[in-house]
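Labels run A, B, C, D, E, F, G, H, I and J following the written order; every chain starts at residue 1.
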Amino acid sequence: MPGGTRGAADLVAREKAYCQELRKSGEWVHIWRCVGQYANISVFDVADNEALHRILWNLPLFPYMSIEVTPLAQHPSDLLVGEEVA
Amino acid sequence: MPGGTRGAADLVAREKAYCQELRKSGEWVHIWRCVGQYANISVFDVADNEALHRILWNLPLFPYMSIEVTPLAQHPSDLLVGEEVA
Amino acid sequence: MPGGTRGAADLVAREKAYCQELRKSGEWVHIWRCVGQYANISVFDVADNEALHRILWNLPLFPYMSIEVTPLAQHPSDLLVGEEVA
Amino acid sequence: MPGGTRGAADLVAREKAYCQELRKSGEWVHIWRCVGQYANISVFDVADNEALHRILWNLPLFPYMSIEVTPLAQHPSDLLVGEEVA
Amino acid sequence: MPGGTRGAADLVAREKAYCQELRKSGEWVHIWRCVGQYANISVFDVADNEALHRILWNLPLFPYMSIEVTPLAQHPSDLLVGEEVA
Amino acid sequence: MPGGTRGAADLVAREKAYCQELRKSGEWVHIWRCVGQYANISVFDVADNEALHRILWNLPLFPYMSIEVTPLAQHPSDLLVGEEVA
Amino acid sequence: MPGGTRGAADLVAREKAYCQELRKSGEWVHIWRCVGQYANISVFDVADNEALHRILWNLPLFPYMSIEVTPLAQHPSDLLVGEEVA
Amino acid sequence: MPGGTRGAADLVAREKAYCQELRKSGEWVHIWRCVGQYANISVFDVADNEALHRILWNLPLFPYMSIEVTPLAQHPSDLLVGEEVA
Amino acid sequence: MPGGTRGAADLVAREKAYCQELRKSGEWVHIWRCVGQYANISVFDVADNEALHRILWNLPLFPYMSIEVTPLAQHPSDLLVGEEVA
Amino acid sequence: MPGGTRGAADLVAREKAYCQELRKSGEWVHIWRCVGQYANISVFDVADNEALHRILWNLPLFPYMSIEVTPLAQHPSDLLVGEEVA
């Protein structure tokens, strides 16, 4: 990451603020830490693919991330509408 | 699956009932269908590894499933306690 | 495939009819044959993940297929709206 | 990428211009953004392998790209002629 | 393979005849046995993707094969025109 | 690793002290060296996923490690309670 | 597995007895269930490779198993002698 | 590559000269460009493994290459003697 | 394997006889059992690729085997001539 | 590798001396060059896992190597005792 230790801390802080803003807007539905890894599993509820790409592309840490997207739909055993896991 | 078409339908019905019972007890927190696949992503909130193994091992479709477990913990950007995704 | 040679031919015919119906409705935008393989690459333009899953799940050949879904969005160098490739 | 931030921006601009020129000539038929990734899926309609290699080799970003080519042909359920996806 | 030992021997004989016909027409340029495997590496020189797919799809052993196609072009250190390896 | 040879030696010493402290507390139950590799297989006995993540995240060498976690439970042929291998 | 349900139950019982005999002899040091899978991780303490192969080859379920062996040695942070994980 | 742009151009020129010398001697039988990649598929006809290793090890670009060797033999449908693809 | 238990035992006996014949002729230089697996690592010293393919193709168990061939040459730290591992 | 060209040559020389010492002691039984690669396949005959790890860990090139260890045992078709391949 650019800018040394201070630059890194700044990036992580901006990432956290960005995440919490989207959690409040209801688009970033879930986020879990993968145990023992600097990684997370998240679930998004967005209008369409364009919206999801915009959210991920604008993550402050996007240039340093490896992201995999799995499209999700409602499961017959569930009562919720479709979300997208990233 | 054993028992032909009728046996398969019976198994799937038992799987669904088993799932919904655990959803009510609060242990099977989320279930999503993976788009275009006969597969799901689920999140469990259980007491410990023993409890999770007992739940998965007793799935009526367990002998026909390939299961991968990723331990999850609370993410610093979240407010929820740790769950387990399977 | 069940039903021997005749059953297989019937399934393939139903698959083709199903495909062409969705091509006319505008949801199945593209389909190409992968050279040297019994496989295709297709692009879908659908309302949401639920719609895409319903289309794929109801393919007459679905039980015999291995499907991978890659969510697509508009590219800055393009002028079209987002579609989904399966 | 060489030349720092300014060099990178220049390269990306040249990439975009190169792409749009080929889109107008009809050789670069489709381009989609893969959601959540700095990557695209494209379809080319070219005279032969030599033509496709020349196009890809001359991409301004070629030295920084990892490219996979899947030869495509017309699908029996389609009405279009063969293209190549890269 | 269907038809027991006799059916298999018949299929292999038809495969060999089919191969040699295309070798004479100049489309199946090279074929080598991979040492220690029931597999080959072949090079084709064909008009386009449609022609290559027709050749591979009509191989008598096609339903029992796993085929991978790598598009080839002339190398700057070579003097030959582009062929396709399958 | 930062700080040259001296910094590296310091990090390894801190890693060893950290490990032995957790071995005494009973949370880091086993550690084996993988023959011919700068890697280990370890077994942890922890209260929950949060505790395991905290232990791994605070390893002095964490930023330089690639960690894989496999949740374990008691085996019917064993007499011990569930532990977690990392 | 051969012999239908009864044959399978008999095999599993023989597997369990075989395992416990080796646990008592001190050669099969650890066995854990992998959560959500019909699989285990075990640690053996044996005289040499010949002894380990003899133990694994004679497992009643050996013909139905896929086994991976990772040679282990004492870790500098540990106080135990080398064992072998299978 | 060492020596900047000039050093790289020099290396590529030496690689080309080395290749053409071996093409004339009959040991480097074929070379094709993989479409869209800085890679080639080549076929060698050499006395033995020692000869092939000497050729590949002395490639001017060897330190920057990732090479895979597949031993080839004459195919029953062919009339040529065994060569080696690298 | 065909012919039930008796057929299998017969095949394994023929495999062993075939192996020992080639060990005596000096072509099958080494054979080791991979611990915990129904698999071996072997080293062959043969005239050329044709000879190696003929040996492997005629293994009585060839139709039930998955074989990988790695061409070997003399190592500068060794004093032996090139052999081939399969 | 540290120390530029001279440092690298020194390391390789030390590696060779270390190897030949162990070849004389009988612990490093075989070493072959993998054709076309800066890699080798070796067979060791050692007292136990501790001895093998000590040998590999002390290779002058160990920090720059990627090592895979496959435990070997005597094959029923062979007359030699167990060795370990690395």
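Note that in this section contacts are C-beta pairs under 8 Å (C-beta built on N, C-alpha and C of every residue); 3 or more make two chains touch, one makes a residue touch a chain.
This one's a predicted model, so the numbers in the text were calculated from it and none came from an experiment.
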Enumerate, in label order, the chains that touch chain C and chain I alike. E
Pick out whichever of the two, F-G or A-D, is joined by more C-beta pairs in contact. F-G
On a C-alpha centroid basis, what's the spacing between chain B and chain G, in Å? 28
CA centroid of chain C to CA centroid of chain D, Å: 23
Centroid spacing, where centroids are CA-atom means, of chain F and chain I in whole angstrom: 41
Among the residues of chain F, pick out those that touch two or more other chains and give their numbers. 33, 35-36, 49, 52-53, 69, 71-74, 82
Touching pairs of chains, which are they? A-B, A-C, A-D, A-F, B-C, B-F, B-G, C-D, C-E, D-E, D-H, E-H, E-I, F-G, F-J, G-I, G-J, H-I, H-J, I-J
Give every residue of chain I touching chain J within the complex, in rising order. 16, 19-20, 23, 30-36, 40-41, 43, 70-78, 80, 82-83, 85
For the complex, give me every residue of chain E touching chain C. 49, 52-53, 56-57, 67-69, 86
Along chain F, where are the residues that touch chain B in the complex? 48-50, 52-53, 69, 71-74, 81-82, 84
Within the complex, chain C is touched by chain B residues 33, 35-37
